[in-house]
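Below is a structure I'd like to ask you about.
Letters A, B, C, D and E name the chains as they come in the text, with residue numbers starting at 1 for each one.
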Amino acid sequence: MLDVSIRRKLGGFALDIAFQAEERGVTALFGRSGSGKTSVINAIAGLSRPDEGHIRVGDAVFFDSARRIDVAVEKRRVGYVFQESRLFPHMTVRSNLEYGLRRVAAAERRIALGPVVELLGLGGLLDRRPRGLSGGETQRVALGRALLAQPRLLLMDEPMAALDAARKAEILPYIERLRDEMNIPIVLVSHAVDEVVRLATTMVLIADGRVVAAGPVGAVMGRLDLSALSGIQDAGAVLDLTVERHIDADGLSALAFDGGRLTVPRVARPVGGAVRLHIHARDVIVALSPPSGISVRNALPGRVVAVAESGPSSADVQIAVGGSFLIARITRAAVRDLDLAPGREVVALVKGVAFEPDLIAPGPRRVVDV
Amino acid sequence: MLDVSIRRKLGGFALDIAFQAEERGVTALFGRSGSGKTSVINAIAGLSRPDEGHIRVGDAVFFDSARRIDVAVEKRRVGYVFQESRLFPHMTVRSNLEYGLRRVAAAERRIALGPVVELLGLGGLLDRRPRGLSGGETQRVALGRALLAQPRLLLMDEPMAALDAARKAEILPYIERLRDEMNIPIVLVSHAVDEVVRLATTMVLIADGRVVAAGPVGAVMGRLDLSALSGIQDAGAVLDLTVERHIDADGLSALAFDGGRLTVPRVARPVGGAVRLHIHARDVIVALSPPSGISVRNALPGRVVAVAESGPSSADVQIAVGGSFLIARITRAAVRDLDLAPGREVVALVKGVAFEPDLIAPGPRRVVDV
Amino acid sequence: AQDVLVLAAASTKNAVEKLAGQFKAKTGVAITSSFAASSALAKQIENGAPADLFISADLDWMDYLQKRNLIKVDSRVSLLGNELVVIAPKGSTLKPDLKPGGDLPALLGDGRLATGDPSNVPVGKYAQAALESFGQWAQIEPKLARTDNVRAALALVSRGEAPLGIVYRTDAAVDPGVAVVGVFPPGSHPAIVFPVALTATTTNANAVKFLDFLKSPEGLAVFQEFGFVPAPKLP
Amino acid sequence: MDLLSPMEMTALLLSLRVAGWAIVGSLPLAVLAAWVLGRYSFPGKTLVDGLVHLPLVLPPVVVGYILLITMGTKGVIGGWLLQTFGIKLIFTPEGASLAVAVTSFPLMVRAIRLSVEAIDGGLEAAARTLGAGPVDRFFTILLPLMAPGLLSGAIVAFAAAMGEFGAVITFVSNIPGRTQTLPLAIYAATQQPDGDAVAARLAVISFSVALVALMASEFLARRLRRLIGQG
Amino acid sequence: MDLLSPMEMTALLLSLRVAGWAIVGSLPLAVLAAWVLGRYSFPGKTLVDGLVHLPLVLPPVVVGYILLITMGTKGVIGGWLLQTFGIKLIFTPEGASLAVAVTSFPLMVRAIRLSVEAIDGGLEAAARTLGAGPVDRFFTILLPLMAPGLLSGAIVAFAAAMGEFGAVITFVSNIPGRTQTLPLAIYAATQQPDGDAVAARLAVISFSVALVALMASEFLARRLRRLIGQG
């Protein structure tokens, strides 16, 4: 388990952060620019020193002000993927990858070069220099380098912020594989909702140096006060589903969860596999009864739980669908016309088609924007 | 009029571009990374020299290989906003702004410091240094500096690529005001669809050093072969509308165009003002008849013009609505179920709520993502 | 009164400065003097230095100027002489017997003999002549520590890095760390002469007066105070 | 206690003046050389680079001789200067300045060149699009941005100039009050029976001046860098 | 035609050897000094910086005297070296190397320090997270990345070392075949009434060697920069 509790004054800025995360999976530190995300992971890496508190990863204590423990950076064995990659320009990709590996005793090497090269698709790059690599390739090498240092913990500081959409789409699947196939806790700093939703298990919302919300991604993202907390305009819910069957003729897959069934473009997961969907509030339509003669495939019966204003003319409607929640952003005029209030039975309509094909990638936890 | 026709060999890359654009408004050069966009505007600025061709702005000939004309960069009077801003670090914002201005004869100064400072909201920054400015502020200063050099033509090379969404939202309105309030042709390089849709009058699609499509934004964006041409996954149509009336009680505005009427969150434009909407294909629902008891406000009757596959399970349906076109991306299963084929009468449903409040900004041409 | 600019070999510095002081007291004429290597001074005169008087430590450089008509030939005199001495660090017990076949090479052992570079420093040239006349040059030449000026040779000896050195008697006085342990007999080397002359370009009457003062018994007495000897009569 | 005799004080002041003028006087040429070498490629660039380094490579005495031969009143340039402008360099403080300017020139050019090379060429391109021609750009963009490097180069060259001996004594001789700078005074002191202590004292003073100059340059360079927005 | 007499040839070869050893020998210390001055802040840093510059500031003859006093066989360090290791510096080529090493040291440190300062500190932080301690980082990250700067610093120092006169002749005197380097031979020639031609010829040779070295350094630095992925 990762257990972080630190306090630090940085000039006029006070950092006071505490959170815990599981041994496995991705913990996303999410917050606006300047909220203190980098400061937190720098403290975890040991690149900066908290005034007080403790930082533990599993059995290892990295820092404990009470016990006067402060392990040197180079002894912590945390993999750090920096925003600007920081590959060593004078070494080949191979030497970069092996830099951390060589500094770990042979007996402790669990992660070998071959599989990482395989995992991250670096085979063709090994003899090249960082200078010639594209942004996406660069970050993949940085990821591999950090991994091969046999880290107890992987830190990533906005590893995709400098990449354009295409490069980002190229690297996301690799991080997912990492999360799913390696038993290393990952702390991911991000201010991009889509990244967090797609990758994170746990979400820690940071504002002004403090944790304002933390928990499973679905729970945090489903909160109607999220935009107030985080500035996320892009409200939406996160559903975890399983593949029920593939409808090969139409190129679709049927996914099931406790609230019903969704049809989406074919997911590259076996039947029974887990898939995560990020359902944007702006993509959910509320109807009083299932309509017919319409291109929308998915109609989920549910009950209105809450209605909250989300803008001058719009409202967010939280709808319980089975044990999960959806959020629909609709005009207030529609709320009035449909007489939506807590308790009202409604049908949530969700378009199944609206996502880019390149968002499809394998992984036990799948995210598809709907 | 801007008239560009240039050929140039750059190592293995051949540039062969010709396009024309109006004296007023924004011409967007759109294309993937490496397609040659920067090379084109560098040639216009004179920072690189074409092998042959000509470049004319209004009466001024910048370059003409046949007539052996090649005006020096400093004589061309093009304002250039670079991606990395390139503000002079040793000067205050004021000195940066005045740098170009001072180098123009007093008689030729049409654009004065005061109005530009006003327009770009630089009042509070004048005595500061570039170093302390945020990304958005920096680009605004760069914009002002280019403007004050009294350019015949304004070039912008991905002026917002380095900015995060919030900074981008901060600067977009300023560029809109520039476009609308100054009589200077603007050439904007971008690989962001939303930017192009929001700002451009004319769109020039470049791939591999060649123009593959050019024309009014609505026409180019409405093409179903766009993704093949440009790699844009984010298909959609662009509609230009006028404000019909404001529904103050609901915080909505009704917009009219030749295909009917759309209700959207209140637009800060007077009645009669022009507004542009970018309607994403994934946000359009196709129904056979107007449904009732549903939160979707906008139902536009139209006729299917074309249906094209857009992915393994999805299809793009082009719908004529009055003289305009909408595109709807739906599953092929829905195409089959609804029996959609050219000529079929349908209703296009468009959610009116689905856009962020910070996208609302004044301007004669307004873009609202729907 | 017009000032006089004297260019003088560095080894005459102390005496010339004292004489300049006396001359000033007597006549009110200020003497400005510049001390450097004779070669440098000669070349400066050749290249137009506005000097009035040149005191050289070396006949060659005075001849050099004379050949180029850069001095007033009739003003040229051999002002001073000097003695060539062997020095050792203070407290050294070495006492070389300076004569043909003498013990100088033996005393040197595997140490070095510090002196000016015989190829261009006057004192080195005299040392070479003396050692040649003793028939010891071939033995000693590989053991020379050649310096570019006398002061460096003095330092080597006074620091004990070289057990022996050959310098002018006047130089030996500069460094308290050395002692004169032998004097070369006059016949063992060409006479040491410090020639002096007015430059060809000078029109300064005071320079003539100062030269006369240097040549006067009063002047020569001061030079002798610093260890110089009267100039030998040249053939 | 008087640290310095009047004559030593004269030598110190003269050194400061000689070195100061040398640096100020050669700065424009050094900046020009650094700019050209740092920004442009042309045939024979290596030769120019070599010539700039020449005074570093040659023994100072040789530099002094070359100056004497060319810039003396009988020399080609020196004679012309004398006849045309009545400027005489030999035996004058101005000549001493020239000598130390020449020997410290390579140091200055190297330092300034590095700071020229560090300036983002994009800023110059930006200035071009804003209508600035080459000279304009040089004064408004390059010069201010190279200022910290220029300062530190100038100060190191100044420190080196304070210590120059061979070229000075060979070219302008050793005239107290006119050309006897601190190093020459140190040399003169070593020619006297009791001069070692004086020489040591003068050496310490020389070092202190250089140290103060270096400290001042670090401090000023930091401030300058902040002033031009890069600290 | 023989360009050089055997003696001059000897002087040239000796110069190359003396300067070469001087640079090679002082390089580690120069790198250390550059690293410490370029990367760390500590009290007294300015003083250390001043001391590093000292040989640039003092007249070379004074440097030679200081070496004579400390490193001669009767000097504190020199005596210890002689007794402990049997190493004698005075009158030897090794002593000449020491003398030119000292005078060219500041040039080397300055150049290397600039290249240390240009290295992105983020790379070192990255290496730390990958388990590299300070010495490890120094050899695997800093040293390779500073190589081009180090090379060009070393070559300029080498060129300057080829020209050093005062410190050499004062410390190890002028012994043909042992300590008579090219500048000493040039000096000797200039001191002879008919030596100008010889001096000029030797100076040209000296300059050519330096020019070749500078050209080689530019070329190598470019290649190195490409090799470390920064050209």
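Following the convention adopted for this analysis, a residue touches a chain if its C-beta (ideal position, glycine included) is under 8 Å from a C-beta of that chain, and two chains touch if they have at least 3 such contacts.
Chain-to-protein mapping (UniProt): A, B = Molybdenum ABC transporter ATP-binding protein; D, E = Molybdenum transport system permease.
The model shown is predicted, which means the values in this text are computed figures rather than measured ones.
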Contacting chain A as well as chain D are chains B, E
In terms of CA centroids, furthest away from chain A sits chain C
Taking each chain's mean CA coordinate, chain C and chain E are separated, in whole Å, by 36
Chain centres from averaged Cα atoms put chain A and chain C apart, in whole Å, by 90
So, in whole Å, the Cα centroid of chain D is separated from that of chain E by 21
CA centroids of chain B and chain D: separation to the nearest Å works out as 56
Contacts with two or more other chains occur in chain B at residues none
Expected list for chain C, residues touching two or more other chains, is none
Multi-partner residues in chain E (2 or more other chains touched) are 65, 187, 190
So the touching chain pairs work out to A-B, A-E, B-D, C-D, C-E, D-E
Listed in rising order, the residues of chain B that touch chain A in the complex are 32-33, 161, 164, 166, 191, 231, 233-234, 247, 250-252, 263, 265-266, 282-283, 285-289, 291, 293-297, 311-314, 328-336, 338, 349, 351-358
In the complex, the residues of chain D that touch chain B are 120, 122-123, 125-133, 136, 140-141, 144-145, 227-230
Per the touch rule, the chain E residues reaching chain D in their complex are 46-47, 49-50, 53-54, 56-62, 65, 107, 110-111, 114, 118, 156, 159-160, 162-166, 183, 186-187, 190, 199, 203, 206-207, 210-211, 214-215, 218
Chain E contacts chain C in the complex at 64-65, 68-69, 72-75, 90-91, 169-170, 173-175, 187-188, 190-193, 195
Residue positions on chain A within touch of chain E in the complex are 45-47, 73-80, 82, 84, 86, 88-90, 99-100, 103-104, 129-131, 145-146, 149
